[in-house]
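A, B and C label the chains in the order they appear, each numbered from 1.
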């Protein structure tokens, strides 16, 4: 089943086109990698999926993105859409609430009031984000006062706490040490059974380790979409793809 | 109904697009806070409408443009012939405000420069708090100070029969307006970016040269805004001028003359007039005049200050 | 090479002179007020007693205490707050969280500036025309408090808006990304972090409201009343007006009594302002992000 369909997508800020001609379908229970150098339009793509264009009057989205068959540009209740989509951006944001409340916020917004249920969710999400052991004794301290790497993992835990159908990660490992990154990568592999993941990364090896299929964005265009391993060893449509994954530019 | 249609049309997995209770609450809150937002506009219009409503009869009837603005005779209760000339009242307000600004402008600008550019650390913090507290003293207390403290001092120092006059009210009003002007002017000086100062200092300019040649020109509009707001405040002040001017109708020829201000006239006479009488309506007409003038002053100050932010 | 040249010397002297000059100007602004406040305390303090604060005026107001005026001021302030705090906070939430940057929002801001700048006596005329006459509240606590509420609305709006805008945008976006509605974001993340700042604004408004005289003169405050008010449609005495009355309207007034009234009023106002400043400094020292 197609979880996210993208057809003729174009994104522009004012007169400047950031991304155009994007076409692909992301299947349910797939980890879909997006790689490419900086300013290739990867983050703007995620923003369009989550309807963050509403925060920025400059941002113009054309073409169709469908989530569960519904065109997200025509959604009336964007909050309902965003609740189904968890997103982690590279700049970590720990909300100025307790660590517990950070993670319990989304379930509470969805109407969960039962403290025991919340306890379970908080522990599960923090464990999956590889943060539980570090913070389990101080769940009442402020999430906004954690270190950068801890806030990054708190953000991941918060995205998981939404119980999303689609999880979008944008360079989640940027502020996290290699060992912890590996732990989170293992969790993502397990999560494949429960949800669909879009993994934006500039570490091509991370995409290779995790992604079933990968798209290569370059200069505002999606130049390649295929089974991840093919990008490294198989046929490629565009030679620049092979140049990029082999580290010849980027 | 529209909810159900959307659901069936898009099929399963699309139930996230239902308009939930949270969605409706959000729209409701947006509508409620919008009411709060427009209330300020409603009140400003309301003030104008309700004052005009009470003053309207006078404007249509007894109002005589030439008499109102150019006659010094305010005799609303005369038994032979009522006259409604506000020239002397305008002169009273202008003389007191003028003297107050003569005192307040240099001293508050000086204090603002000192606090923003010379004072530092604890001294600066102390001065800022003091200025803030001074700005909070109620006008009726200032009026009382004019009456009970300044009055005897003026009588003794200058050997004059009455100490409630232009000098008294001007000094009181100056002391009253200065703290507000100081803090607005200080904000304007602080808004000048530090690189400006550093660049000038790197060229070997002294602190004063930097202030005089760089900071003051850059903060010019903000400082002008501070002065305008001070003028507006002085112009509209009521209780202090009611109590400290001596409240007698006069076109002053010296600072020792007693005068009467526009605002004070309303405060002193409204309680004694019958609602709907020409005198009562004339007082509301003065109110319209005050409203329009302060509106213009505030508008000018806003435009001037906003010019700063653009440039 | 680094000899002090004559130009340098001249500059340094000039610098010192400017510093001293400006410092003196600052002092001239502050010192007289300090002297005046000292005089108020010196002459007013002997009046202050339990009896002065908690009994009513006697002998044509030339003796006795200020209790009805004190109580009246508290009532006026409370009713005014009930009207202006919800409205002002709502307005600030609209301006900070919802309002687009367009001409309409700019005219709201201009209206707020004007509301603060219109002379107090003009607010009084508005109160008479609107609340006393048009809405038929008569001269009453209700009419006076509503007049005060509208006059001091900008204080609440400005303080609330500032503390809302001090909450970083990234927190809001993080919440929106999780599917929180605007209101859920405001209620759960923005408001809790702005509430102390709003409180400082409310305290400032209390101080401002308590000191105002002109707006209540014809809308609900009376020179003298033998009885305490029984409801919001009654008139009341008020401390600020009481100071005006005892210092200008009553013959044979003992010299010290008005000083006592003035001292109580100014203490109340300055205490409130100090509280607001203290709260602000506490807030500044307590970083949450």
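Please note the rule applied: a residue touches a chain if its C-beta (ideal position, glycine included) is under 8 Å from a C-beta of that chain, and two chains touch if they have at least 3 such contacts.
Since we're looking at a predicted model, the values are computed, not measured.
Of all chains, A has its CA centroid at the greatest distance from the CA centroid of subunit B. Chain centres defined as mean CA positions place C nearest to the mean of all protein CA atoms. Counting contacting C-beta pairs between every two chains, the top pair is B-C. Put simply, the C-alpha centre of subunit A and that of subunit C have 49 angstrom between them. Each chain gets a centre from the mean of its Cα atoms; for subunit B and subunit C, those two points are 15 Å apart.
Per-chain Cα centroids separate subunit A from subunit B by 53 Å. Looking at subunit A, residues 79-81, 83-84, 109 sit in touch with two or more other chains. Multi-chain contact residues, meaning those touching two or more other chains, occur in subunit B at positions 22-23, 26.
Residue positions 181, 184 of subunit C are each in touch with at least two other chains. Only residues 170-171, 173-181, 184, 188-189, 192-193, 288-289 of subunit C touch subunit A when the two sit together in their complex. Chain contact summary for the complex, subunit B toward subunit A: residues 6, 10-14, 16-20, 22-23, 26. The part of subunit C that touches subunit B in the complex is made up of residues 11-12, 14-15, 18-19, 21-23, 25-26, 28-30, 32-33, 36, 39-40, 86-95, 97-99, 107-108, 110-115, 117-126, 128-130, 133-134, 150, 153-154, 157, 181-184, 186, 207-208, 210-214, 217-218, 240-241, 243-244, 247-248, 255, 258-259, 262, 265-266, 269-270, 273-274, 277. Note for the complex: subunit B touches subunit C at residues 22-23, 25-26, 29-30, 32-41, 43-44, 46-47, 50-51, 53-54, 106-108, 110-111, 113-115, 118, 127, 129-134, 136-141, 143-145, 147-149, 175, 178-179, 182, 206-209, 229, 232-233, 235-239, 243, 263, 266-267, 270-271, 275, 283-284, 287, 290-291, 294-295, 297-299, 301-302.
Contact residues of subunit A toward subunit B in the complex are 68-70, 75-77, 79-81, 83-84, 109.
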